[in-house]
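See below for the structure under consideration.
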Amino acid sequence: MILELISIILGGMTIGSALMVILSKHPIRSVLYLVITFFFISGHFILMNAQFIAIVNIIVYAGAIMVLFLFVLMLLNLNKVDEKKTNHPISFTAVIAGGALLLVILAALKDGITFTNTIVKSDVGLVENLGTLLFSKYVVPFEISSILFISAMVGAVLLAKREKQHID
Amino acid sequence: MGTETLILFVLLFPLIGGLINGTIGKNLSETVVGTIGTLMVAIPFVISFSIFLSLESAVNIPLFSLLKLSDFSLNAGLQVDALAIWMTMIITGIGSLIHIFSMGYMKGDPGFYKFFSYLNLFIFSMLILVLGSSYFMLFFGWEGVGICSYLLIGFHYNDKEKGLLNTLAARKAFVMNRIGDLGLLIGCFLLINQFGSLEFSVIAEKMKSLSIATDSVAIIGITLCLFIAATGKSAQIPLFTWLPDAMAGPTPVSALIHAATMVTAGIYLVVRSNFLFELAPYTQNIILYIGLATSLVAAFIAMRQNDIKKVLAYSTVSQLGLMFVALGLGSYTVAIFHVTTHAFFKALLFLGSGSIIHANHHEQDLTKMGGLKKYMPVTHLVFLLGTLAISGFPLLSGFFSKDEILAAGFVHSPLIFSLLILSASLTAIYMFRMYFLVFFGQFRGDHHTKEHLHESPGVMTLPLIVLAIFSVLGGALNIPDFIVSNGAHWLDHFLNHGTFGLDKIHSHHLETSSAVGIMIGTSVITFLIIGISYWMYVSKQKVTKDEHDFTGWEKLSSKKLYFDEIYNALFVKSVEWKASKVLPFIENSILIKGIGLLTHMISFSGSQIRKIQTGILSSYFFWMILGIVGLISYYLIYFKLWNF
Amino acid sequence: MEAIIVLFLSGIIALFLGIYNQPKLTTIISVIGLIGAAIVQHYPLNILPAEYNLLEFNQVGNGFVVLAILLTLLIVLSGQKEFLEEKSHAGDYNALLLFSLCGGIILIGFTDLFMFFLGLEILSIPLYVLAGSRKGVSESSEAAVKYFFMGAFATCLLLFGVVLTYGATQSFELSEILSKTINSSGNAMLYVGMIFILASFLFKVGVAPFHFWVPDVYQGSPTVFMGYMSSVVKVVGIYAFIKFFHMAFGGLYDFWSTLIAILIGISMFIGNLTALVQTKFKRLMAYSSITNGAYALMAILYPSALSDSTLWVFMLGYGTSVVALLTISMIVNDDADEIASFKGIGYRKPLIGLVAIAALLSTSGIPPMTGFFGKLMLFSSVWSYYPWLIVFALINSAIGVYIYLRLIMTIMSKETATDTKEVIVSISQTIVLVLSLLLLVAGWLMLLCWK
Amino acid sequence: MPAALSITQGLTVDYYVILSSILFSIGAIGLMTRKNMIVMLMCIELMLNSVNLLLVAFSSYFNQGDAQIFVFFIVVVAAAEATVGLSILILAYRNKRNIDADLFNNLKG
Amino acid sequence: MELLIITVVLGLISFFVPRNSIKLFGLAGSFVSAAIAIIHLINFETGSYVSIFETTEMPFGLTFQIGYDGLGLMMIALTNLIVPIIILSNYNNSATSENRVFHALVFFMQFGLLGVFTAADGILFYIFWEFTLIPVFLILYWFGKGTNKVLLKFFIYTLIGSLGMLLSFIALGLKANSFAYSDLLAVHLPAKEACWIISGFLLAFAIKIPLFPFHTWQPDTYTSAPMSGTMLLSALMLKMALFGMIKWMIPLVPEGVAEIKWLVIILSVIGIIYAAIICIKQQDIKRLFAYASISHLGLIAAGIMVFTKDALVGVSIQIVNHSLIAIGLFLVADILESRLKTRELSHMQGTATLAPKFGFWFAIIAFASVSVPFSAGFIGEFTLLKELTEFHFAVGLLSATTLVFGAVYTLRAYQLSMFGAPKNETFEDLRWNEILVFILLTNAIVGIGLFPQCIADLVGPSLDKLIIIFNETTTH
């Protein structure tokens, strides 16, 4: 019951911080709220005994990606609120659409949702188990992802590099 | 050589003549062209005369099969019997005379060779018409003469003033004939449907074996169709208005085609189909009344025509009407007899008028003539004979042929008889009006023309004289039996014995007393009319009024009872209105615009759809999310899960 | 797998040659790499250990790989002139194209969702970059932005779908998913997951209402890469789509086929009707690609789509004609991309004219071009299942003919555009034109030796 | 699945399904409403994370490691996407001097 | 085989022939193809089927079969004999006759037509059918003076029709599991389905013929096309549709004929009268002949729908006859247009006086087109009208009005352009090639008019076969 309570509270906090991400006017605040959200989600991971993923999530997302976001924000000097006033009717319809999305997803899934399918505390999320799986069954995808990375790298360089001809 | 071969020569000579003149005639002198043209008709006349002399029974000459269809075939074949050879002789005989005349009349015309070529081709087509062994061949020639007639009516197409008018007349003739042809065509189809063949002989045979009821629908349909065809060619109501207009052609053409030969094709058709018409008294009655009406109407119109050729043209229509009356009364041989005599005197009259016109510098108006007697004695004499013959002057050819029609009418009913008498009297009236106006009194034309008035050359007068002789003596062909005992009704016998169907029809024989009575009566009327006319036009020197000055019935007559105007309003105008207003409207506004509207709608919807593509990212997300919502909703609907 | 390695290696080499400023060599290397990959794919060397053979290629799959390589080859050749204008990046462009193609090949051969997901990303990520590679041009960046955001969103949709599917079936293997789905028609999670996956696929293929990115991105991207997107990516995407839905969700055919048929019907009209009112060439081609993508996707509606050559012929015809037309567009080289600037080019340069006619007629589906046979086979295959869709497709073909015919008339006009520049056709472009002409007219005969 | 443990363990997979659906929808709403492209990028990361959350839940529920490997790959891809995305952002910023998404509407119609 | 190949080869060579000798090359080449057709005619054994080429193993169930029977051979001979005449009549028209591309396109067109007439596979038929559109479109586009709108209309119209046909072929082919003619013949269809399928075919053919109300593309296209283009269209391309109806539509879907028979016949009859009446007041001579063509073809189409042996024989004769007449009339129109620089009848008056030879030959062609005796049309129309009357009296009667209307508008056109006092100063009389064309046409028209049996013999046995197929299905 305690775990259940914790997870419910954690879930509520996750939703709340996620909402703050899209509600806060200032982008830097959004980034910070997002980092907090990631932390909460990692908390869920730990609750489910998926330690490796929890760590990766914090390191890669909160540590690397979000820092990158902050860097870019600072670099482009975008830390002031320059977002135009939100157009209310448009955001209203957008919220309606998003709400409808949630609604239909839940409506569709409602037959399956009985809150009886409880989660087993398993060991599969431990580093050792995952490592074995990754380097045996999923070694090819692992290697293949190198193509992804190299193209992302090349792409980033290609796009972000300043050309000699036109210097702004 | 047998008849089979000879008859081919009869056919081929005019064709060859036409082709020679048409192709190389341009480089030949007029004399050569004329001679070739004439010989190519004269020789067939001689040949056909010899065939006529030796003809014993009908000869059927299959030539070749044009097209074999599943249940019957279109055959080219000839058939020589009494009727055919008689018509051939009329055509070639009168044809050659007119050819001779044309050599003089057309002298100096740039289209001289063409003219002779067309004439020869016309003779050829006409011969096919009468010699053909089937309705198909008849139709072949039927159409052929139509074209030649078209070409000849519009012969002077490039005339500065009247060129287009001439061709309009030609077109009118062709189109009206085509309407008739339509009847013939449909008649042919009905015949095929009924008898499975178009051969005269086969149909005649089947008529016997099939034992078709009198006045059955099929027969009435067929005969009516054939009669429509006949009204087209033979200028009967309602299709008669083309014939007077056709006088736009050169005068020999009028003589040959529109008086002596082509217009009798309708008579020939009905006589040829006598076995069919005999079974359709209903149609015969229609023929009778139409013929009578035509005869009277045309005679009435002829009363106050001022154009010499128009008078003759309406006279022709009127005479053709009389022939149809004879046909309607079942007196086929009488009709042919009248065809024959009419050919003589009408050709004579037309050629005579040609001679007059030639002398008058192509002036045809009666009001501009007068007193020509002294300038053109030969023409005057033959013209007088012709006029007398057509008016039924006793013992001339017209007297006998018309008398037989009257006799037939007398047998039928007194009303018909009296109307026939009226028609015959009208003939005499307008003919003598014309005769006196032309030859008596003072010359009313201009001075210039007067100086040049002259008798026509020998080539022109010679045929006139020959025709005059025939017009006078033609009656001898069919003299009533109470006048001569031996050889009476020779033509009747000849035709009856050599033509399908006719042998079974017995002509009505009047008692001698009534016959003599009719003869005397008509003679008296004719004399009276001549006398009155002489008194009016010669003694009182009455001169006809100008066309515009007519009033009352005279105006009605001069305006041709407004037939042209009525037709124009009823048919021509409505078709032209459709052609120039209604159908282009359908075409442009409904069909084309309709399609245009469709394409416009398509591109309009394109430009509307285009507006969704706003270029703003968040709207694209919005649509995509709505898309997913839609997809899931589809799932919910699909499994009917819409119950929360 | 070997083909991927060959492509990857040649991509790396090209990258390094680019760094050392050898732009022409990079071209040669990429061409060699492409040809080598095609050969290796067709005649496998079998040198890799067995566990590396994670990808499965049946005969049809092989054919599609070869087709993708062939189209890429044409694109690489036709783009050389543009690559060489920015010498310092020629290596990058070539390498990114090759990397992307690797992703494409993975997408053809995948058997589980891991490879599928990675393949999709490897295919897409270089394209996000390439779309924005004309750096000074704001349209190009806009295209990249739009492509990236919508692409990433589509990835999210895909992943959400995958996770729900996994939740319903407990597996990432296509075959196991299939075996689970056959008996579990009532599983809501499976259906919702499938719908999300469907949405992301529809996005990739550009089917309404997920088509919005297509015109904007195509128009903004450099012409070469637009060629790649509308030919290779389409070929691969549609093949993967069909494979995924037949191999994993085959049991739910009744459900999704109707849904997809409806969406295809809508897309055809949206694509064609909007193309009708375009004045920019690339945008017109983009809308036309929506329509043609919809035609091609019809193959999903009949069960034997994966084992016969119908789709192959269609995509051969469509891909080749797109590449040919875009090559012509590059030759015309009009910055504003107005259709009017094509006026008379075909009359002045008969080769271009001939290719343009062949390509446009092929796209219109007029015999004897390859496109006709593609359409014929496609339509006759689907006819028994969705006749009304074929009627729709034929109506759209007619509208399409109107669009393409107007293009032909512009290109073949005797008059020329007023400000006519000298038209220069480079050697590589000539090769592309000749090759595509050959493929367009007689490409369908390749089937004779294919079977 | 083992029902005996359910009461004490407490966490049901359905709960995560709902939670992750909510997070996913929040991300989607953010994508539609926010104009700042960096925030939009963050929304995408949020959506990816909601997927991760659900995957891990399923992984534990099914007692299978594969799903967590999948999460690993998602993280990999997310990193790559973020890299490319940010560089595209920088590029866009250079051209427009702004990263407001609504300003990028030259291509339309 | 050489029948088909030679046209392609000729077309390809045309691109490389020196510009100054292309005229002669075109003429010589087309005469060679004509000679080949004549050889085939001579060697043909009546009632047989000559297979030219046959493979059954092709991708996607297409069978590559070509061959001809009597009907096909008639069309082949017609094509190969008409093309030289077209090239000949175009000989002095320097804009086209000295153009290499033009000749190549004509030869490709000929190839397509031959393909249509020889194809023994539905899809192959469709392929050739569509293929013919391409060269003719380019001829119209490059050498005509039509606006893009007109050309688009032409192309889209015909294409929409052919799409219907394609659909029908697909539906039929899926039933037969093959597209081969013989297999398609064997398919039996339920009535409702047959109705749909035949409608698809009908759409294609009705637009191509064209039947009322699908004809609106035709007058515009004809008037804007160059002379040779108009000739190709009316003399040959329309015949594809008639041929298609006889050989493909009716025998393949006899079950559906009953449903659409009356529709087609009524439309045809409306077309006959409608087009004829429009002609009566038409001022543009080329447009007039275009509408006249609609009127004539309506009669043929109605005849086809009757589908009896006699009707089809009449149709065959009329097909040939109409081709000849169309060439003659459009040549006339072009001579007038090119020399007077106008197509308005009211500006032409009196040409016959200035150019007597032209007047003469125009008269011949005009009379041939109103089907006077000795012309092929006389026999053809006689047979057709006979069958139509037998089919239904009213149909026959209404169709037969074409005799009257035809005379009215043709003679009007002749009269307004040729007769009267000349309006123009000079008018160059016929050139040698034009005279030669007229002589050839006249010989052919008169020849067929006198010996129509040759055509009946040629096509008879194949028609018999078709009718047997038709009757078997419809009676069961």
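Note that the chains take the letters A, B, C, D and E in the order they are written out, and that residue 1 is the start of every chain.
To be clear about the criterion, a contact is a pair of C-beta atoms (placed from the backbone, for glycine too) under 8 Å apart; a residue touches a chain by one contact, two chains touch by 3 or more.
Nothing here was measured: the structure is a model prediction, and the numbers come from that model.
Trainee: Which neighbours do subunit A and subunit D have in common?
Mentor: B, C
Trainee: In how few steps can one go from subunit D to subunit E if every step must land on a touching chain?
Mentor: Step count on the best path from subunit D to subunit E: 2.
Trainee: In terms of C-beta pairs in contact, which of B-E and B-D ranks higher?
Mentor: B-E is joined by more C-beta pairs in contact.
Trainee: When you take the mean of every protein CA atom shown, which chain's own CA mean is nearest to it?
Mentor: Going by the distance between chain centres and the overall C-alpha centre, it is E.
Trainee: Find the geometric centre of each of subunit C and subunit D from their Cα atoms only, then give the gap between the two centres in Å, rounded to an integer.
Mentor: Roughly 27 Å separates the two chain centres.
Trainee: Using the average of all C-alpha atoms in each chain as its centre, how far is it in Å between subunit A and subunit E?
Mentor: That gives a centre separation of 71 Å.
Trainee: Find the geometric centre of each of subunit B and subunit C from their Cα atoms only, then give the gap between the two centres in Å, rounded to an integer.
Mentor: 78
Trainee: Distance from the CA centroid of subunit A to that of subunit B, rounded to the nearest Å?
Mentor: Going by mean C-alpha positions, subunit A sits 103 Å from subunit B.
Trainee: Touching at least two other chains at once: which residues of subunit A meet that condition?
Mentor: 90, 94, 97-98, 101, 105, 108-112, 138, 141, 145, 148, 151-152, 155-156, 159, in rising order.
Trainee: Multi-chain contacts only, two chains or more: what residues does subunit D have there?
Mentor: Within subunit D, the residues that touch at least two other chains are 13, 17, 24, 27-28, 31-33, 35, 40-41, 64, 66, 69, 73, 77, 80-81, 84, 87-89, 91, 94, 101-102, 104-109.
Trainee: Can you name every chain pair that touches?
Mentor: A-B, A-C, A-D, B-C, B-D, B-E, C-D, C-E
Trainee: Looking at the complex, which residues from subunit C come into contact with subunit E?
Mentor: 309-310, 313, 357, 361, 366-368, 372-373, 376-377, 379-380, 383-384, 387, 390-391, 394, 397-398, 401-402, 405-406, 409, 412, 414, 444-445, 447-448, 451
Trainee: Quick check: in the complex, which residue numbers of subunit C touch subunit D?
Mentor: So the residues of subunit C in touch with subunit D come to 113-114, 117-118, 121, 125, 128-129, 132, 135-139, 141-146, 148-149, 152-153, 155-156, 159-160, 162-164, 166-167, 170-172, 189, 215-216, 219-220, 278, 283.
Trainee: In the complex of these two chains, what residues of subunit B are touching subunit A?
Mentor: 618, 622, 625-626, 628-629, 632-633, 635-636, 641, 644
Trainee: Write out the stretch or stretches of subunit E touching subunit B in their complex.
Mentor: 153, 213, 216, 274, 277-282, 308-310, 313, 349-350, 352-353, 367, 372-374, 378-379, 382-383, 385-386, 389-390, 396-397, 400-401, 403-404, 407-408, 411-412, 415, 418-422, 450-453, 456
Trainee: In the complex, go through subunit C and note every residue touching subunit B.
Mentor: Going through subunit C, the ones touching subunit B are 145-146, 149-150, 153, 157, 186, 188, 191-192, 195-196, 198-199, 202-203, 208-210, 212-213, 215-216, 255, 259, 270, 272-277, 399.
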